[in-house]
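See the structures that follow.
Two complexes, one shared chain (subunit A), two partners (subunit B, subunit C).
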Partner chain A sequence: MSATVQSRLHLAVTETENDGGPRRFGYRSRERVYQWLFLAPAVAYLVLFFGYPVVKNVAMSFQEYTTGTFYTGEAPWVGFANYVTVMSSSLFSTSLINTALFTAGSIAGQFILGLGLAVFFKRKFPLNGILRSLLLLPWLLPLIVSSAVWRWILDKDSGALNNFLESLGIISTGIPWLTSTSLALAAVVGVNIWIGIPFNVTVLYGGLQDIPDELYEAASLDGATGWRAFRHVTWPMLRPVVSVVLVLGVVYTLKVLDIILGLTNGGPANSTQTIATQSYALSFQNFKFGEGAAMGNILVLISLVFAVLYLRVNRRAVDE
Partner chain B sequence: MTTNTQTDTVAAATSRRNRPGPLKAVHGQWGTRQWGTTALAILFLAVMLFPVYWMINASLQPNGTTLQTSWLPLSPDFTGYATAISQQGRNLGTSLVVALGSVVFSLAVAAPAAYALAYFKVRGAGVVLFAILISQMIPGIVVANALYTAYNDLGLLNSIPGLILADSSHGIPFAILIIRAFMNNMPASVIEAAKVDGAGHLRAFWSIVLPLSRNALITAGLFTFLFTWSDFLFALTLTTTDDVRPVTLGIFQYMGAYVNDWSSVMATAVLASIPAIILLLAAQKYVAAGTTGGAVK
Partner chain C sequence: MKSAFTKTKAIASTVTAMAALPLILTGCGASSPAANGPVSELSVVDYYNNEPDKTIIGDTLAACGTQSGVTIKRETVPGKSLIAKVLQQASSKTLPDVLMLDNPDLQQIAGTGALAPLTDFKISTENYPQGILSAGTYKDKVYGLAPTVNTIALFYNKDLLTTAGVTPPKTWDELKAAAAKLTSGGQYGLAFDANATYEGTWQFLPFMWSNGGDEKNIATTETTEALQLWTDLVKSGSVSSSALNWTQADVKDQFVAGKAAMMVNGPWQIPTLDKESALHYGVVNIPVKDSSKTAVGPLGGEVWTVPQTGNKAKQAKAAEIVACMNSDVNQLAMAKARNTIPSKSTLAAQFASENPKLASFTELVKTARARTGQLGEDWPDQATKIFTAIQNALTDKASPADALKQAQQG
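And then the complex of A and B:
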């Protein structure tokens, strides 16, 4: 969902860079005030619902919140104590590793399957358009709905997946996809791949459509078709779109919460706990909002690294 | 990346717009090979959409202790739906009110901003767009964490206005961008003509630009509805009682409490999926119309 938004953002930002125009001092200042009035509600909203939370979260991470804080209003300043507590907890390294595995696994799966399908749908065949649009459905469903459905499919005793595998004779007893500490993370990654495929197909397909047919015609004259055409024409031409898809995918996947909470709630035995789910649990289950804020800020920092990467990729793409 | 690539990425992300290419085959020209490809595509789609089928199938199974759900709903049983509506009907209503409220609020905030960003060479417009970009990188849990304390002080927890405001954070950035992209494609001459006729900004915006942007507004509204309807994070963190409970949270708690009664959970899931299915069918039309609809006539 947010990924949709993000995909549009880089466009918007890069498009406007040249909009500055010549500065004309003193040019109808009343007009300018008027113009800003159109923008004011949106700016106010962004400040209140994105700017304020970030600043407030930084402040909270240096304060000690307890269940009593919400009655007394007292949250003493404790310096870096929350960060120390959070980072020295044994759960921190688990969460960090899980976040890395979850993100890397999801992105790799979504991208490879998404690219495969995008290339496939580039062929011309009947019903192409309608089939491609139906493919979007998993992306549009509420994430919590997808989690509920998959929980039922992956159920150990009566789930469709185990029933299917049993009927094929591949397994004899149900596999505890979501209840085994060794399998749960892989299962959650699998579900997240399923959710992310439509987005990857959509954006990559858009990128593929922009590669001029003449390039393929020229390549085929040189004897490059099939895989060689992909390697020497498709891939180099698609590179800018690929960078955008991957970086946006990472930033989006890092903060995934709904799917994990819906499928496993971080369990079993914290085997699917990520930085994001830990931040939620600390704040809203343990009511240690200071520690939750500290965990959230660590997540922001990680996202920021990728955001900077994204902006650099984006700028390079513009320069080209 | 070229502007061309970018706008197409946008269009592709919302519409499955088919490019009118020179190779567009006329009906009847498809050969066996093309239909073979179609069969393969249907197979891929069947695998991808199996969970959706399974949700509908499971929602039509009788309640009870059957260990294995049958592969086809041969004798559909609607008890699951009856339970779902009696237990989650109120939550579905809450979701509907919050989503509609968020659509109105988001469009009211986003449309003027999009107009300003599309037509005025405001200094700082780049900063606003950059802020929108950065806003998307902020994890929802960070926003929720801070909003919880603020909402607690303001008495906005467990309130419909509180949820509408928070949920609009999904819709407003998206709406600004999609409406602005549409307005960018609208010729400036349309506005200038209005100005020549003596219309001020407000009138030009209200009586010329907004009606012409109808398709972009509908598209932005539909997606905002879907984002808000699907919201789980703010429902989970900013409500603490049963009074105001969106259906996403209802499903989440259902899964914990009624895990043996999957047909009701799945029936609720089907009901919660209806907006997505409608959007898939309806938005196509509007987005396609939006990309080709002409303002100059």
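And then the complex of A and C:
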């Protein structure tokens, strides 16, 4: 398509040149049209696949949208009723707290372990490349598969983890990782950390590669090696990458759904219920699409706060 | 200069075409309400996407199609995405000619107006037990019929019970005593599914119903007693607390591995159990509180429906397919092949004698109750309350009575 547009553009240019007379159809305005034409595919794509769903979801959250709506198209407007219902539900505060704990725990674990591994792999040692690519495995597995495997590993009676701990003599009876209200969230966070490490390692490792070796050489001449080199060379140089990793990580983690559904389904007794799982349950299990959309929008708003934060941090970095 | 003008026009029309793209995309799937000419093809959607069900149902559908002189264009979708698919098809007016639904979803979909009542096509609803009919009924009209149904019962490991000197329990007290006696080391007395999904609710219903519990109001003594039984079984260690996260398939795995001496499960597990030559099992009714009570099972199974596609000729043919799927011969054949129970009560005696393994299930489905029989479209809401109460009681977050009261209040 762009090829034809280009040839047309060329044609138009030669025409104007040959014409010479009064410009009935201004060159400038025509150029405008062409500029817009180049933009059109991207704009159309954004409107279709980002604009429409967001607008639809916002509209849905102000409607009584039920299974019947799909057939009849009737969805009465109810104002903020859906928001009031979901936010006054006894589950809302639980979900909100769980979402915060899940996100904070996952990000902290993924980032610290990811950074540690990235720094470790920066050294040269045999099998470095192979080990680093093996580290990507959790990322390559479908989430449904990982959660099914972890569900088995964490099983109380015959799970691999408990068997291992028992054989070491650390515990005498199985720990109910996924069925205790006090442990389930931590277990789910642990699995999510495992899944998130490859992303953190990959991006941070890339950032580390960009730090010139000369800096370390200069630092070592000044006596800064090991921890001090990390503190005064690596960390400041890595900061832009760190902010990208953290903000993307938060946004990715806030919306995590499949891992929790696969591991616990929000249980036991709602102890792993998050805003995302609640939104899913309301829409697709209870068929209350309006309330589900309202819950989803609350999640979008929270993500938006972090996105704005990210933009501000980035701007400040540029200003400096 | 004329050319420049036409070019602008061309650009304008391109832009218009692009703006209209979403409309075209959504529009092109819509089936045109064609003239009522001869019908040669019917589309069918169901969720039997695993073997052997996939082939058994597919062959029966194809045979019914041949009988009615149409070819069947069948699509099988995963169970979890069926409702999403149906809703999407309802909004784009592309519903299939014949649609299978899980019975608790029927009223939800019938409530949208997307289904045609089967009485419109003079399909007989005689000889079906009340429970089965009520599952397919919405506002006094039958919209769906299930050729075969199922329910759940108590499976027990004959060898383990004999070794422990335990007979299959009939009452709750016997169940508690038997389960305690059968628990030792890595082996639990009983396994059931108490997970945070409708499956957990489904497994709890027979305990609740046989004790006179009411799904519309769960904050009652009868339901509290049933939940107290489950809580006692888990707290005493006769049932692993893993039950809080088990699916029915996990429960079966525990039973097959000998880690549970008894389990609550359905006849669809029988093929897997029969593959284990070392496993000797029996099936009895789920125990009731005392001998004055009778067992009531929840009714499982899928109903076949005729969606409102707007094409009368196709709907009439589709109704023939639904009737054919429910013919005596097909009910018996599919039930036998799929380890389910024919739904017509007139076939029960013959079926039970031919398939002794399914005899106790055949007896149970006669009185089994549909989950939506009373609740109708409120089933998802109330089912969520029930499994929430179960989870809160079993994790000790609240006493059974409080858990049920809190859940009922929402």
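We take it that the second predicted complex is superposed on the first by the 266 of 320 C-alpha atoms of A that agree within 3 Å, B and C clash if a C-alpha of one lies under 4 Å from a C-alpha of the other, contacts with A are read in each partner's own complex, and residues count from 1 in each chain.
By definition in this document, a residue touches a chain if its C-beta (ideal position, glycine included) is under 8 Å from a C-beta of that chain, and two chains touch if they have at least 3 such contacts.
All values derive from a computational prediction rather than experimental measurement.
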Touched partner set for A:Y52, first subunit B, second subunit C, both or neither: both
Partner chain in contact with A:D210 - subunit B first, subunit C second, else both or neither: first
Which superposed partner A:A269 touches (first subunit B, second subunit C, both, neither): second
Contacts of A:A104 with subunit B and subunit C, given as first, second, both or neither: neither
Partner chain(s) touched by A:N128 [first = subunit B, second = subunit C, both, neither]: first
First (subunit B), second (subunit C), both or neither touched by A:K156: second
First, second, both or neither for A:V84, with subunit B first and subunit C second: neither
First, second, both or neither for A:T179, with subunit B first and subunit C second: second
Subunit C versus subunit B, contacts on subunit A by residue: B
Touching partner for A:F287 - first (subunit B), second (subunit C), both, neither: second
Footprint overlap on subunit A, comparing subunit B with subunit C: 8, 12, 15, 19, 37, 52, 70, 151, 157-158, 284
Sites on subunit A touched by subunit C in the complex: 8, 12, 15, 19, 24-25, 30, 33, 37, 40, 44, 48, 52, 66-73, 89-90, 151, 155-158, 176, 178-181, 264-271, 281, 284-287
Subunit A partner contacts - residues on subunit B that touch it in the complex: 1, 3-14, 16, 18-19, 21, 23, 25, 30, 34-35, 37-38, 40-42, 44-45, 48-49, 51-52, 54-55, 58, 66-69, 108-110, 112-113, 115-117, 120-123, 125-126, 128-150, 152, 165-166, 168-170, 172-174, 176-178, 180-181, 184, 201, 205, 223, 226-227, 229-230, 232-233, 236-237, 248-249, 251-252, 254-255, 262, 265-266, 269, 272-273, 276-277, 279-280, 284
Residue numbers on subunit A that touch subunit B, as the complex places them: 1-2, 4-17, 19-21, 23, 32, 34-39, 41-43, 45-46, 49-54, 56-57, 60, 70, 117, 120-121, 123-138, 140-146, 148-153, 157-158, 160, 163, 194, 197, 199, 202-203, 205-207, 209-210, 213, 240-241, 244, 251, 254-255, 257-258, 261-262, 276, 279-280, 283-284, 289, 292-293, 296-297, 299-300, 303-304, 306-307, 314, 317-318, 320
Complex interface listing, subunit C residues touching subunit A: 1, 3-5, 7-8, 11, 14-15, 18-19, 21-22, 83-84, 87-88, 90-91, 108-109, 111-114, 186, 188, 195-198, 240-245, 254, 257, 259, 380-381, 384, 388, 391-392, 394-395, 397, 406, 410
